[in-house]
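All remarks here apply to the structure that follows.
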């Protein structure tokens, strides 16, 4: 599914998740989960509700501490770093439930993404020193570019709370992009979106990968989107990895089918790909 | 569709495409209005009487303190009741550094006798230092634990004020030295000053000092909120986890905002000493902390302008009640029947706090915003610019700050 | 040695009273996620009511009515105000309780004025002695009553349906609601219970060795805050431990004041807060509070 002229950034290493376990008291939310995200790949994590997908994301962002196992991103050990440090080395996250500041404008929310790339402190900001204003302006321009890219250019100064749900999700993704990441974690980016919005987001994600050459990890329930977009899929159920492979391999995997059918989910991944053909015309199959 | 993606690719690889959407048009009405207000404020001492001038300076004191507290409580969402403590540190340091040694009667006071400007700066720095010492605790505590822990500071502070008699004057307190700036005293003489045939004594001179300091405090805070640190702080309030994931060093910022807030309070403490002319432990107790909290709640948490409005309201009201006791219903003068001015004001504040939190979390600033919008006709989004404490909204982010009870996905 | 033992007994009894109040905080926090800053004035309300009604109604009835009124006041606060703010940020809730506290306190101080009202405890100001070691009768009875109440509470908390409901809603409010637990009812009952506990504490706090009801009872009640915090705001056991710790610390600091004069007269009054800060330095969630699972 890669276009001919794609290239991966040379400084994007693989993400190696090795034997990660997470415990909440007596509950084991993740049990010895391992997978690898190749540099520049779009990697999806799927599974029924309660499988541990968001927990995995929280481990990758440093919010939860793994009881066992390691997460390596190049030389860095993500499992030993605090969230803001992880952001500092280029790992960005768009949250499932929108974690934006509804009272602030889109631009202001996006500028938060530039936090680790800028330096203005209390004094230089409070006194409005030239270097602080200059820094703000330069990064403001970059933020505007990124907003344009996600079709938010005309909404830069709108308070986020006024925007539609779909637009707010785009702001989430845009904010993550503003951190200039090497690894982008998207937690259910099309949850609650209609077909058209889903298609646009899917295009944007594909565009992000091909234009920026970064790795993207995706948690999603929308099977059609996953199957068409992802290079590789890891399937979790009850905190364990039950399958890992290309979309086609995973679709046909008996464990996966049983996990979905057994837990009462109507969506059979094999059927979903047939009944929801890719709604992204003009890209790829 | 593919066309726009192609151009998007172009842009994201560094091409400057279409310029960003224009910032909202700025009318010239607002700056003109502000200039007018400024002129009026500068000219007032020529016309109004001393009571109002002194009230005005007291309001400026409150403005400085309220703006600082608002940064901590409103913008960053960290409840603190320690305002009284930091006011005390600032005031006491000023009085000690610039006061004279020696004693009147029983008290044996020590003082450094340095220039008042040094005393003022020392007061601010000392409060900052106290804030710095407490900030590691402040940074690690959840918002509400901090509220109670800060209670401790107030009581400990009062105890020290009562005990360390050589510095603080103990229970009776001590008087505060007059402020002066490079030889120009902010008292009644030194030099004798007449502006347009109006004698400029202490009240007039302090008025200008208050204006300058309050204005500086306001501008600094406003600049802060519109820039990188301000954004980080606001995100902290909405979700510490989201802020951290976006690259904000949460504990570092919590510590730093605590430091800034305590320095503001230190300055307010120095100004308080000048306003009253003396310091005494009872002025720095839980009551004053709660009064400042009332100011920022009533003004609208998170809004610098709101803090100003709240400070004006809370400070001026009891004084006005007292002065016009015969006209205000229910309030009686000292010795008369009816509520004392202070009591009446307190009832009002308590009630106002409850009403604000219940019905209009954006406080006075929110109300002001509504009137402004009504005046201009509707226009703009339906969303009121709520500097809200109660954000119903879409910032219920995941992961929540409460301990997880098993995963959801 | 006898002084030490006396101070120990005194500290335990004081701690038992603080534990009652602290337990109230914790109950409220668990049931409605609110730190109730109203407790100081609620306690004063209880004390004032008992004092005022002792003459007409006699001590025991006045005590009963006083406790009931305090419980009722807490209940009303919850129904009228807290209930409307369900889901609001914790800080807004805390602020609104401060607002209520301001009103209640101002009113009570106005009524009390500069009087010191007396509560005629039937056991008077006598003391109970074992050899040379003594403790005031009032404090002794306080300890016994507090002990009984606390034990009753823990049993109810563990086994009664109310206790289970409250633990469930504290653990996970949404799920509890989905399971049919009426969060509002749990919360209202929690406030009422906390109010009642404060009322009982008030009853004993204003007896010997402290002189009657005066606005300073408010300041004394505030010292239960550190007790709740250092035990962990969501731990009922922590409230107990915290209360005892604070009571003992205060008792010893006051008792050995002469030796500790360099720390200032009246050091015993601030010792609770110092202990709290020290504990928080080491354990930011309190001794037994739930540690946050997320790291920032």
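Letters A, B and C mark the chains as written, and numbering starts fresh at 1 in each.
Here is the rule we go by: a residue touches a chain if its C-beta (ideal position, glycine included) is under 8 Å from a C-beta of that chain, and two chains touch if they have at least 3 such contacts.
As the structure is a prediction and not an experimental result, all values here were calculated from the model.
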item: Centroid comparison with chain A (C-alpha atoms), farthest chain; value: C
item: Chain pair showing more contacts of the two, A-C and B-C; value: B-C
item: Chain whose Cα mean lies nearest the overall Cα mean; value: B
item: Rounded Å distance between chain A and chain B, as computed from the means of their C-alpha atoms; value: 40
item: Where chain A and chain C are represented by their mean Cα positions, the distance between them in whole Å; value: 48
item: Centre-to-centre distance between chain C and chain B (centres being mean Cα positions), rounded to whole Å; value: 32
item: Multi-chain contact sites of chain C, meaning residues that touch two or more partners; value: 293-294, 296
item: Touching two or more other chains - residue numbers and ranges from chain A; value: 24, 58, 62-64, 82-84
item: Chain B, residues touching no fewer than two other chains; value: 241, 243-244, 250, 391, 399, 403-405
item: Chain B-facing residues of chain A, complex; value: 24, 27, 29, 47, 49-55, 58, 61-64, 82-84, 86-88, 93, 95-104, 107-108, 111-116, 118, 120-122, 125-128, 132, 135-136, 140-141, 144-149, 151, 153-162, 168, 175, 179, 188, 203, 207, 210-212, 219, 239, 281-282
item: In the complex, chain C residues that touch chain A; value: 293-296
item: Complex contacts: residues of chain B adjacent to chain A; value: 1-2, 4-5, 8-9, 11-13, 16-21, 23-24, 220-221, 223-224, 227-232, 234-235, 238-239, 241-250, 256, 260, 381-383, 385-388, 391, 393-399, 403-409
item: Chain B partner contacts - residues on chain C that touch it in the complex; value: 35, 37, 81, 84-85, 87-92, 94-96, 98-103, 106-107, 110, 171-172, 222, 225-226, 228-229, 233, 263-267, 269-270, 272-274, 276-277, 280-281, 284-286, 290-294, 296
item: Partner chain C, residues of chain B touching it in the complex; value: 73, 77, 79, 136-137, 140-145, 147-149, 151-153, 155-156, 159-160, 162-164, 240-241, 243-244, 250-251, 286, 290, 293-294, 297, 339, 343, 346-347, 349-354, 357-358, 361, 389-392, 399, 401-405
